[in-house]
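In the two complexes that follow, subunit A is the common piece, with subunit B as its partner first and subunit C second.
For the complex of A and B:
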């Protein structure tokens, strides 16, 4: 799956996107996996969008989905 | 500028081009909101801001806000242009135009749009100040900028108008 990172997350990761061989996997398990692989990422309050839609923790992410890690937004 | 009602751009925004998109014969009111870059926030000086965006999702979320507005205030038309990239003090970051037959709906809907933008549109600002830079919206700044993260409770509901 394709992972997109924004704001402080892309700076911490050193990249705005990456590919991971994952899924099908629930959002909750995906977040746990991400914390495991990238302990330095600050994921508190980060929202998940799958294919540009906000999803719940129980949503299942498919291998070909695009997953965006969205820190609390601050537009306007 | 794009003819679409909901636009993300890295160019300066011309407010009248946004209000022209909602102008129509049925309208008796157009409210125009300009969000501008503030120099001082609680005494802290901002030198400039940098906005980052998830472009396709941001446009989709703005369209969703437009649908929410029409559900709450019938017969309104909304147009929003948000600028991203580097913005200097007093630059216009966002322009929201709402037209409606009568002014009350145009005022209320316009405020609703900016509150929702701050909740659900994937745009982030990085504040560059005299002491360095930081992303706004992190845990630290939720406390330092309480008004920047409105809670859902602050949004007027249909039955409270």
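For the complex of A and C:
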């Protein structure tokens, strides 16, 4: 599974993208797993897109999917 | 008007002379005259959009000049209101169009009275906080006027069209108003990220205003110029929520209600400001505290309130969204601090 980390998440992770051996896994479980592996990641309010589609918490992510983690951004 | 002025734009097939005439008859409201407001206003003025209204509550500072393209050093020396400085420059760029500048806060009532008294074809979001965006979102769906969300921070940016009757609204994409979202004074900002958002927003604006509405993007587009990543996200499956208070079957437009507006009150004889901002949901105190700590502020909390110390300022925040800001008697400064930590 490919994970893309946008904005401050890439600084917290130390990389803008990574590959994880995961799935099939629900979005909710995926987020819990991510928080567990990388406690430094601030994931509150972060939006999840799987293969460039917003998905619900119950959506199941497959091993070959690309998951984008998108923090909300307010600056302008 | 020189005959030649818009020739290159008219030679672009999808716009043509007909599209150019459409642009001249249109009125765009730009909310915010900072980085995104500057860039969008300049492009739309050069493009010949007939009327531009620009709103901003702030004044020009030196730290703006790195990316806010309508301003010059003299504007910062004079501390001109951004809306006024922007309008001055726009008039130099294109004397044939009409420009209205409003130095104001853009509360729900400011916005609705503006929409009640003039016909606006499109709203461009060039603000820097979500509190205003939820107001714009409600106003857009109530008045059936599309708005284009744009935001940037660091090397990261987002653009999304919200078109009443066609797209899900901001509420549907972000159900809860984010706390501690990425902003410019915190994470910094590079000018190319601004220009990228401006390019996408103004292209969408030109499509809508020139009569090319079917070309409007239906994606939530994000990019990061530093890590070379780009995503264009479909929103349809999460879809329009029937129960959405803004775009659902029975909308209530909660952010336009007068009791939902942010109010400030300067306390006499003390350098403190009260902020009242009734939230739609109770404030998540733990989340707010952890974000404040990320910003290197000193944080103290108990189950009832949260205290944030930043230099000479101290914010005392209650769960219902009220806050007391100590260390200033300037309500604008107090609001800035509130937005920095809580929206």
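Following the convention adopted for this analysis, the second predicted complex is superposed on the first by the 72 of 76 C-alpha atoms of A that agree within 3 Å, B and C clash if a C-alpha of one lies under 4 Å from a C-alpha of the other, contacts with A are read in each partner's own complex, and residues count from 1 in each chain.
Keep in mind that, in the parts below, a contact is a pair of C-beta atoms (placed from the backbone, for glycine too) under 8 Å apart; a residue touches a chain by one contact, two chains touch by 3 or more.
Because the structure is a prediction, the values reported are computed rather than measured.
Participant: Is A:17 touching anything from subunit B or subunit C once the two structures are fitted on A? First, second, both or neither.
Facilitator: Only subunit C; A:17 stays clear of subunit B.
Participant: Please indicate which partner A:75 is in contact with in the superposed arrangement: first for subunit B, second for subunit C, both, or neither.
Facilitator: both
Participant: Name the contact category of A:6: first (subunit B only), second (subunit C only), both, or neither.
Facilitator: both
Participant: Could you look at A:49 and tell me whether it touches subunit B, subunit C, both or neither (first, second, both, neither)?
Facilitator: So A:49 meets both subunit B and subunit C here.
Participant: Counting residues of subunit A touched by each partner, does subunit B or subunit C come out ahead?
Facilitator: C
Participant: Of all the subunit A residues, which ones make contact with subunit B and with subunit C?
Facilitator: 4, 6-8, 42, 44-45, 49, 52, 54, 68, 70-76
Participant: Going by the contact rule set out above, which residues of subunit A touch subunit B in the complex?
Facilitator: Contacts found on subunit A: 4, 6-8, 42, 44-45, 49, 52, 54, 68, 70-76.
Participant: If you look only at subunit B, which of its residues touch subunit A in the complex?
Facilitator: 35, 51-54, 56-58, 60, 82, 93-94, 114, 117-126, 135-139, 141-142, 148-149
Participant: Contact residues on subunit A for subunit C in the complex?
Facilitator: 4, 6-8, 10, 16-17, 42, 44-45, 47, 49, 52-56, 68, 70-76
Participant: Per the contact definition, I'd like the list of subunit C residues that touch subunit A in the complex.
Facilitator: Interface residues on subunit C, with respect to subunit A: 32, 34-37, 125-130, 133, 150-154, 156-158, 173-174, 176, 178-185, 187, 189, 197, 219-220, 222, 224, 226-227, 229, 231-235, 237-238, 284, 287, 290-291, 294, 343.
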